[in-house]
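Single-structure report; data block below.
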Amino acid sequence: MLIVMKTDATDADIERVVQIINDLGFRAHPMPGATRTAIGITGNQGSVDVARFESLPGVAEAIRVSKPYKLISLDLRPEKTIVRVGDATIGGDELAIIAGPCAIESRAQAFAIAEAVHKSGVKFFRGGAYKPRTSPYAFQGLGEDGLKILAEVREAYGLKIVTEALDEAGVDLVERYGDMIQLGARNMQNFSLLRRAGRSKLPVLLKRGLAATLDEWLLAAEYIMAEGNYNVVLCERGIRTFAQHTRNTLDLAAIPAVRRVSHLPVVVDPSHGTGKNYMVTALARAGVAVGSDGLIVEVHDQPERALSDGAQALNLKQYDQLVQEVRAIHEVVTPAAVG
Amino acid sequence: MLIVMKTDATDADIERVVQIINDLGFRAHPMPGATRTAIGITGNQGSVDVARFESLPGVAEAIRVSKPYKLISLDLRPEKTIVRVGDATIGGDELAIIAGPCAIESRAQAFAIAEAVHKSGVKFFRGGAYKPRTSPYAFQGLGEDGLKILAEVREAYGLKIVTEALDEAGVDLVERYGDMIQLGARNMQNFSLLRRAGRSKLPVLLKRGLAATLDEWLLAAEYIMAEGNYNVVLCERGIRTFAQHTRNTLDLAAIPAVRRVSHLPVVVDPSHGTGKNYMVTALARAGVAVGSDGLIVEVHDQPERALSDGAQALNLKQYDQLVQEVRAIHEVVTPAAVG
Amino acid sequence: MLIVMKTDATDADIERVVQIINDLGFRAHPMPGATRTAIGITGNQGSVDVARFESLPGVAEAIRVSKPYKLISLDLRPEKTIVRVGDATIGGDELAIIAGPCAIESRAQAFAIAEAVHKSGVKFFRGGAYKPRTSPYAFQGLGEDGLKILAEVREAYGLKIVTEALDEAGVDLVERYGDMIQLGARNMQNFSLLRRAGRSKLPVLLKRGLAATLDEWLLAAEYIMAEGNYNVVLCERGIRTFAQHTRNTLDLAAIPAVRRVSHLPVVVDPSHGTGKNYMVTALARAGVAVGSDGLIVEVHDQPERALSDGAQALNLKQYDQLVQEVRAIHEVVTPAAVG
Amino acid sequence: MLIVMKTDATDADIERVVQIINDLGFRAHPMPGATRTAIGITGNQGSVDVARFESLPGVAEAIRVSKPYKLISLDLRPEKTIVRVGDATIGGDELAIIAGPCAIESRAQAFAIAEAVHKSGVKFFRGGAYKPRTSPYAFQGLGEDGLKILAEVREAYGLKIVTEALDEAGVDLVERYGDMIQLGARNMQNFSLLRRAGRSKLPVLLKRGLAATLDEWLLAAEYIMAEGNYNVVLCERGIRTFAQHTRNTLDLAAIPAVRRVSHLPVVVDPSHGTGKNYMVTALARAGVAVGSDGLIVEVHDQPERALSDGAQALNLKQYDQLVQEVRAIHEVVTPAAVG
């Protein structure tokens, strides 16, 4: 169920509706928009009486939602959500780029890369302290020491820190040291983790699972939002298919498909999406041309020595080239994407 | 690295090798076999001196392992592992069947089904108390109340309880009420959860992820074993493909593929593997014919009223028919599978 | 549209209906069944007047068909079709096995294998004279010389010859030398070839395409039948997925899925379905256990010297073992599959 | 084997090498390049003596080719091939756009669309006269009448006609009425058809199969080239995956992957690649941004009345918008793609 308020509804009108929803034992999710506020209702197993709400002051209409998702939907919020991370944004007019190494390996490595990212005018720095590795014997990240290095990077360059939480305890740590919680593809349906992220004050970058349908991905975002955290950014990072010339198959059609049903911003990961250094820039261009809100890209000062995912990291020179190219595309595509 | 002991090595010989491995800061995993014990070594980032071990009393040879996995491998343990759950086994001569509802819905439902399972001579009862649901608004299971019902079923019928843990806290609860921890397909690469299950005394049923390669699945088992829990049963439950006539595509070739490299038992889930009631028995027959160690099957006393996965549950009569048919196949196939 | 005749309809009644259909410019496909004849109508773009037929003598009812297929469907023919190839059958009580080399390489090779196939009591011999090879530089088969060897095998052993036609000219040749036209996975939607096979007197073995949905596969059979050739046997030979432990993923759920909608027999190809010698027998057992009507299996007297697909061919001893095992399974499963 | 001629080799030198190759019973494929000519050799089953060629006048070196393909490869021809179709080109600096309806339905429809295509400055017109349809009962195209309409369009507007041949007889017809032979995804491994197209004077547009790996696709092109037709354009049109929000998953990473090994031009089909009208322009932008040589796009004057594939066709206004947007992207990306 979804309550759409009139454009001239007062704060008191909205508060009254929220109160009644809560009194019924449900949860109210008010979403202010450019012209009107809508209020999502979750927690209702059965039916809610439409008439009860439509007679309240300030209510334009009450809509039954037949789709499996509610809060992520354009029905609830027709304008795109702009996720704010301090003074940086994802989902607004500016192309959001998140760049940095796969894993934080040392203070020197992190600073060498952060220096380049900062210089390029990019505002988000990525870097893993806890790495989800297929083998228990592979490098698993520096742990909290890695997070401390990230906090230093933030201090030194003012970059916003995007870093992955592998479990609920990991969310606590990202909250202490970082700016945005990354949830990885392998955890896209780790529902306990989604709920924990939903109770965080930090925005969440939610990667699509390797075999996730569009609905499963959107419903994973819905898990986060149903807990009250509406700052979710979706990230297309490639799906698993039979194709062997890339590590994953980047499904760029997912961007217009998300747009058609959801107000959430969506970014593209051409690094995991291809797994091959030589393709990253080409697919980054495509990711911007298709209309995404940004990119997340792996950069390393010495890719050939990277402890993880070296084959897909750009070196600093390639990274600068990428930033230049995608900004040129973004300039051309913006009116088109909007128009 | 893998240390193979001589057939006449004494317990003291084995203990000495284990001690030295531990002193080096690594972890020793002794695996007693029918004719000799092998000792896996994990935790070694770099190389270990082979000569150092080969000169010790009782050591036959020290082998460098080039494959990504060590503990799951036939190199370490040439005989199939028999996982014991009380007086029941998985991986031995008897076909192991795990049957029960998708979710525990009520005491009455659980007992009606358990009665039938017990009568059929089957020893394992499945039932979810915590359900991983794609939508946050779908029935999520009875929680701890469901586990209490399962404990009552165990008490009443002597059935071994197999139930899913969704997170680390869930493992604590299964340890309290159940006999075997099920880890679901969506959590196959939830590495924190794998590690927690690896520190449990209970055996683990590890479902294959929807898009997991053979190596990824085996390495997920390796995560559990590397923590010291060697009682892992693999479960093929279908993979995600383009095919739409089933919910998943049951990949029965995974059973001989696992056999070729691993000593771990492997069972088949024809319920999730097809998602369609009318196919379950046919694929269960195939799963036994291909040489698996058992089946996990969804049964419901009133499938049309099931709160989850009703479309794939067998009713009690269909279930009895399935048990009869797969036992007949098992009888025929056993010498073949062994021979 | 589908006309179901009364059980006591006379030949003249049937002939009258067929005549009217033809006069309307459509095509009539009478399918005699155990208790009644049904008559499919194809070629009608728009609607046909139901009442016109229901008033005719001998007509029980006229049914509008809403599914995309008509002739392959159980609506038209509720009993399974038994395809007769001389004195051998596919789709009847006996398990049909088609065995032989991937490609005919020489007279000596063909006869060595045929000798073993004949001895095992199997009635169908396979062998390619024209091979569809991924590379233009790979061995393409002996061509018509290969077909002549196949004709000699038929003469010598009375085996029915199943061999692939790659194009319309190839069908002419198979008609001259063989008993059953095989259409390969890569040609499943070569519609000109399907139509040509539909005008042949020989039965057709139609392999499922690598990425074919159930409907696409059944509609490919419908192409053949719409031309008047109703002797079609479907063959599941594995689909392309992300899995890398096999050449293809054998989708055994396709067998009950076909059964549910179609009267056509369906066999399983565990050789291409796995691509690995050591798995073939296990999957052959599974293919019989799931309820298929038969198997098509690659056998070679010297697999290590095979000019194509040697990695998946069984040697003669393994072949004998397979025949023995699948017959044992078939005996157990037959009443089950029927029941 | 591949013979690289010196930059100052004379025509007589080249002719001599070709002659010797032919005398050996092989086939020579001379490929003139910007700075030197290379000569591919096909038809050699075994080894060719390298020394024999390296001592000839004008020969720089003879290279053994270890990859499965030879003629499509950058080893043979380091510069991109520019395919000329009359005064239009694919693979040069200009973005090649091929636009038109899925199927030719009438003279009026074809001319209405061709008028718009011509006005937009686009040089290639597509339209199917023979349609490969999943169902035998669906509209199969106007046949030769459709080709005659296409020939009239060519006459009237000077557009180059790209149209599909479904079989060998179809190639004869396209040669009579069209300018470029399209081979569809379902026929990508119809080897008889590939060989027939390889003997044509017309250039060939080769669509990637629904489940084709990169190597299979390139080897299909190799089949055409091995017969002597070197004017092949590859077309990425989406692959079959589990994703359901599009008809196919457009694999844009295939473009840089092709570039890395082949000199052949490659275009993108965002219409079949998505199957959804609302996504076509976004993916067309991405297809140009990723560095492809052009697009093939379905346009219809009345998409809602189209006899086939209406859901993915753009109307004339949307088409104009697409052309404008992709040209803007092409302008930005050209130096990047080249640089």
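Going by the order they are written in, the chains are A, B, C and D; count residues from 1 in each one.
Methods note: contacts are C-beta pairs under 8 Å (C-beta built on N, C-alpha and C of every residue); 3 or more make two chains touch, one makes a residue touch a chain.
Since the structure is predicted, the reported quantities are computational estimates derived from the model, not experimental observations.
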item	value
Neighbouring chains shared between chain B and chain C, ordered by label	A, D
Interface with more contacting C-beta pairs, comparing A-B to B-D	A-B
Rounded Å distance between chain A and chain B, as computed from the means of their C-alpha atoms	34
Whole-Å gap separating chain B and chain D, where each centre is the average of the chain's CA atoms	50
Numbers and ranges of chain C residues touching at least 2 other chains	211, 239-242
Touch list for chain D against partner chain B, complex	240-242
Chain C contact footprint on chain D (complex, rising order)	42, 68-70, 132-137, 166-170, 186-187, 189-193, 209-211, 215-216, 219, 222-223, 226, 239-240
In the complex, chain B residues that touch chain C	211, 213-214, 239, 241-246, 249-257, 260, 273-274, 278-279, 281-283, 285-291, 325, 328-329, 331-333, 336-337
